[in-house]
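The two complexes that follow have chain A in common; it is paired with chain B in the first and with chain C in the second.
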Partner chain A sequence: MTGLLRIEARRNPAPLVLPLLALLLWLTPLAQNTRPVALWLDRSVDVGASVELLGPFAAAAAAWTASRDHRRKMTDLLASTPRNPYARTLAAWLVSLGWMVAFYVALAAVYLSITATQATWGGPQWWPVIAGLVALIMCSAGGFALGLLLRTRFATPLAAVGTLAVIMGLMSMAVNSNAAIGLLSPLYPAFGLNALVFYAPQPDLSILKIVCYVGVLGLALGLAAWHFRADRPSVRRAGAALLAAGLAVTATAAGLDATARVGNHGVTVPAFHNAAAGHAVPYTPVCSHTRLPVCVHPAYDGGSELAVLSSLINKIAGPVLGVPGMPVRAEQAPAAPSGVQGDPPVLPIQPFIIQGTSLPPAPAESIDADIALSLFVPAHVDPEHATPAQRGLAVYLLRQAHDNPSGVWPLDQAITAAAARFAALAPAARTAWLTTHLAALRAGSLTPQDIP
Partner chain B sequence: MNPLPTRLVWLHLRSRHAPLATALIIAIAAVLRLMQPWAVGPGPFAGTLPLALATGAAAIIAASTQSPFADPEHATWPAPRLRLIQVAAFVLAAAGLLALARLGHDPLAAIRNLAGLTGLALITATLISAPLAWITPLAYVLYCGAMIDAQAVSLWSWPALPSANHTATVIALVLLGTGITAITRFGARDSQPTPT
Partner chain C sequence: MNVEVRGLVRTFRRTRAVAGVDLSIGPGVFGLLGPNGAGKTTLLRTLATVSRPDSGAVTLLGRDPADHRQRREIRRRLGYLPQTLSYYPAFTVDEFVEYFALLKEMPREQVPGAVARAIDRVGLAGRARSRLRTLSGGMLRRAGIAQAIVNDPQLLLLDEPTAGLDPEQRVEFRALLREIGTRSTVVVSTHLVEDVGAACTQVALMLAGRVVFTGTPGELVARGVGHGAGDAPLERGYSAILAGARS
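Here is the complex of A and B:
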């Protein structure tokens, strides 16, 4: 068997696609995401999500390998050899898979090593990495079965494109329709990315994915064995057993998937959930020494996150600081954005990763708008539900900070006119009006016309 | 130029597995239609799914150009015309089917993407081999998906642009024209030695 594997390793086509995969990885966001801030869980999820790139090629390489004897018109000749045909074909697949797994492991090693030099909190999270590895093996096994069963020139492209379409389709179902089956996509993050560092990670979804992928793997290998059922009774029995086991495990995973619930901390699967382990993790925040101190979780204390965030918040909130009821501190919180809360008042900031020295333009508009609106909406209210008067003052803050107010939506003429009127007031008059009317403004009892 | 006998055209198409290829393209269009609710709207997944399925159709068209006769066929005089008829018929049929599947959701973009990705696949079939022609369009679509995800769509990722972008249409047509010209003139490169 070792000799066979050695021969296969020399002949296998999988190494030929590895440079292309390396180029693709370099061109895609995975490679761009190697600058601080480095969160272990985020980076681990990234490694698992690389199956989006590796999976289709693993499936195609396996389908190409499986159809080789047929393509080379060697089937009859090889049938005269004494070795079990399933074992022989399986050896070819194992080599094809081995190359892909080696590439995945190398990718994980490099990516997580970079993370180790940048992360300021926590340690590696292996569940998403393992789930990604099992997903890769499943993709390869699926391609292998397809290559054996569909003996045509179209098997390889179908394996590649089909794998990508299934991965994307499932993920789109999860994102656009909240369909439970979409949670099983290798791309669906196993953890709530908003709560990455604030709570102990729950591996529920990773375990569920691994169970499901193992089931599909059994089905694929069973179908492949079934293809050789006429050759040996032992292969027929093994194929039937693998098919039955694969079906049972996949059905179990589908049943468990139906019980999964998506929450702020991630996905909970009752069968795998350990409620005691999902506790909040204590930490000491790191704060900026600015007029409005901005505090972040120590995991975000890498790169320029704190400097960029504190500059951004101070630039937007500057004109209203010091008004009674306005925040004395801004602090990252593992929840959706909401109004100023607590005593003394604190502005909660949703965690997000800043790489480099500025925010990318598209999320920047939304983040800027959330910060400005959060200053005027009541505590625990989503800025999306801001009243027109609250939006008017948010537009004023964004304009004076030279930010694009298009993230404040919907905008109408009354709102922009109120913002312009307020901007025309003297600073002392603005502070005086806000001191008197902030409570009424947050309560939602003012209209844009009430703004002087 | 003498017209080609219908029987010759049919035999050529059969040698290229045309009935199976047509059935697979119909199946891809059907899947695209069924997946419509999850293949529209913003986001990288809804944006990449129709591109992936268009890549499937393009890869099947390119894979169908593989000749079972290898070198001996290159010596026959009607082969380029037969290849042109085959590829043109497949592209037209696939474009119609995918446009039908995308009715109501920018069908022109589906046609444009099929054209450009088929062009890429045909160029790959000419340079590498027909069974491996899927590699280039698939890799390119994965790159486009990453650009959609990063909200950095540009002409480098033209399949992600709306059909109103004329430069993207020109790029797709140039790719298709180059691919069809190459495959018609040279045929798919043989990945195997001439059978003896």
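Here is the complex of A and C:
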């Protein structure tokens, strides 16, 4: 076997596509996401999600390898040799797979090494990386089986397109239809990205994915062995055993998938759940020394996250700071955005990653609007449920910060008029009115017409 | 006898490619002659254990190819060159021959020597490191022969082995066949009767899936005396037998 592997390794076409693959990866968000802030879990999930690109390539390379003997009309010549045909074909596939795995490992090593130089909190999370690796092997095995069964050059594009369609299709089912089966897509993040650093990672979904992928891998290899069943009983038996085992494992994974629950901290699968996972991890926040101190998790202390965030919040909230009931601090929290809470009052900020020195325009508008609304909605209420009066004052804050809220939510005349009236007031009058009416405003008992 | 075939039948849908062939072949070079579609390639594929007969009994090297264990033993001792040589274009000559040496389950330590010897015997030693895609048709044929003989087969099956070889190479190849035939059974399917005359000790002539003549090249020549068309005595014998079988 080693002799065959040596020859196959020398002549396998997979290395020819690796430079193209590297180039494509360079153009994907994976490569763009190498600037701080570097969150280990986020980066580990990114490595696993690279299967979106690598998987179709691995499947195509394997299908090309598997269909080689038929394409080259080598079947007669090869059939006259005593070597187990399954082992022979498997050797060619293993080499093809080996190149893709080596590429994945190199990618993970480079990506996580970059992360190691940037991250300010935690360490690498291996479950998503391992799940990505097993997904890659599964994609390759699927392409291998398809190449053997179809035995034409068309198997190659079919394997690539089919693999991409399955990966994207499952992801779409998870996002658009909340279908449990969609959780098994290699792209579905195994962890709640909103809670990347606040809770101990919950590897339940990663483990479930690995089990499922191993099952599909068994099915694919069993199908491939079954293709050679006529040659010798041992191959037939191996094929049947692999098919049965693959089917059993895949069915088990499907059964466990039905028990999965998507929560704030990630996906919980009772069979794999560890009580230690998902608990809050203590940390000491890092705060800015601005008028309204802004505090972030130390994992977000790299790059310009804190500076950009505190400048943004102070710019929006500046005119209302000092009003009783207005926040004395803004702090990252893993929960959804909500109103000012606690005593002393704190403005919770949903975590998001700022790369470079500013936010991209679209999310920036949404984040700005959330911050402005959060100052006026009650505690634990989603800013999306703000009343027209609360929106009116939020529009005032956004406009004075030179933001345009019209792209985020529709503005009616009453809201914009209230914002304009309030902006026309003297600062002292604004502060006085807010001091008197903030409680009523947050309670939702004021209309835009009540705003002076 | 290294090859024993009794009542061999192989049908492809409605076409009976081999229609009840009986053959006994011992050591030496055995020529298989016949027009296109006579069933020579199907018979060779069956002897190469690539195609299974619909009916009839086949014994190769004293073993039954229908049994998978015995089939494996046969294949270890078999060399086969199909009519259309297929190859992996990216492989070099020595990789190609080594690949088949490994597939024939030769002992690992014997492989390098056997590969070099086989390549040398077909006169490709100077091109051992060349990619197959860079070789001419004749060279490819010789590379194919090298893979067939790399394991010093006891049963060597060659389908049109001299197609594409130039006259000088054919002379050398016939000498190689005669040399291998001193130890092994070589079955050569060919259209070229001069190959049969120069290299074969026994010859069979097939027509429409049946063997219509078996004997020595001398006997084939004798059948053509005073009969048939052809420029050479063997061709006249060949034509005379075919004409007789068709009438």
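Quick note on the criterion: the second predicted complex is superposed on the first by the 447 of 452 C-alpha atoms of A that agree within 3 Å, B and C clash if a C-alpha of one lies under 4 Å from a C-alpha of the other, contacts with A are read in each partner's own complex, and residues count from 1 in each chain.
Convention: a contact is a pair of C-beta atoms (placed from the backbone, for glycine too) under 8 Å apart; a residue touches a chain by one contact, two chains touch by 3 or more.
Worth saying up front: this structure is predicted, and the values here are computed from it rather than measured.
K.L.:
For the overlay on chain A, clash or fit between chain B and chain C?
P.N.:
Aligned on chain A, chain B and chain C fit with no clash.
K.L.:
Quick one: classify A:Pro201 as touching chain B (first), chain C (second), both or neither.
P.N.:
Neither partner.
K.L.:
By the touch definition at the top of the document, which applies to A:Pro351: first (chain B), second (chain C), both, or neither?
P.N.:
neither
K.L.:
Check the residue A:Leu20 against both partner chains and state whether it touches chain B (first), chain C (second), both, or neither.
P.N.:
Touch status of A:Leu20: first partner only.
K.L.:
In the superposed arrangement, which partner chain does A:Pro157 touch: chain B (first), chain C (second), both, or neither?
P.N.:
first
K.L.:
With the two structures laid over each other on chain A, which partner does A:Ala165 touch: chain B (first), chain C (second), both, or neither?
P.N.:
Only chain B is touched by A:Ala165; chain C is not.
K.L.:
Once the structures are superposed on A, label A:Pro233 by its partner contacts, choosing first (chain B), second (chain C), both or neither.
P.N.:
second
K.L.:
For the three-chain arrangement built by superposition, which of chain B and chain C touches the greater number of chain A residues?
P.N.:
The partner with more contacted residues on chain A is B.
K.L.:
Considering only the touch criterion stated at the top, classify A:Arg72 as touching first (chain B), second (chain C), both, or neither.
P.N.:
Both partners, chain B and chain C.
K.L.:
Determine, under the contact definition given at the top, whether A:Gln32 touches first (chain B), second (chain C), both, or neither.
P.N.:
Touch status of A:Gln32: first partner only.
K.L.:
Between chain B and chain C, report the minimum C-alpha distance in the superposition, expressed in whole angstrom.
P.N.:
7
K.L.:
Following superposition on chain A, which residues of chain A contact chain B and also contact chain C?
P.N.:
Touching chain B in the first complex and chain C in the second, residues 72 of chain A appear in both lists.
K.L.:
Quick one: which bits of chain B touch chain A in the complex? Just the residue numbers, please.
P.N.:
17, 20-21, 24, 31, 35, 37-39, 41, 43, 45-46, 48-49, 52-53, 55-56, 59-60, 63-64, 66, 130-135, 138-139, 141-143, 145-146, 149-151, 192
K.L.:
Over in the complex, which chain A residues touch chain C? Could you list them?
P.N.:
Listed in rising order, the residues of chain A that touch chain C are 3-4, 7, 10-11, 13, 68, 72-74, 76-83, 88, 231-233.
K.L.:
Can you check the complex and tell me which residues of chain A touch chain B?
P.N.:
Going through chain A, the ones touching chain B are 17, 20, 24, 27-29, 32, 52-53, 56-57, 60, 64, 71-72, 152-154, 156-158, 160-162, 164-165, 168-169, 171-173, 175-177, 187, 360, 362.
K.L.:
Over in the complex, which chain C residues touch chain A? Could you list them?
P.N.:
Residue list for chain C touching chain A: 45, 48-50, 68, 71-73, 75-76, 78, 80, 82, 84-91, 95, 98-100, 102-105, 108, 111, 147.
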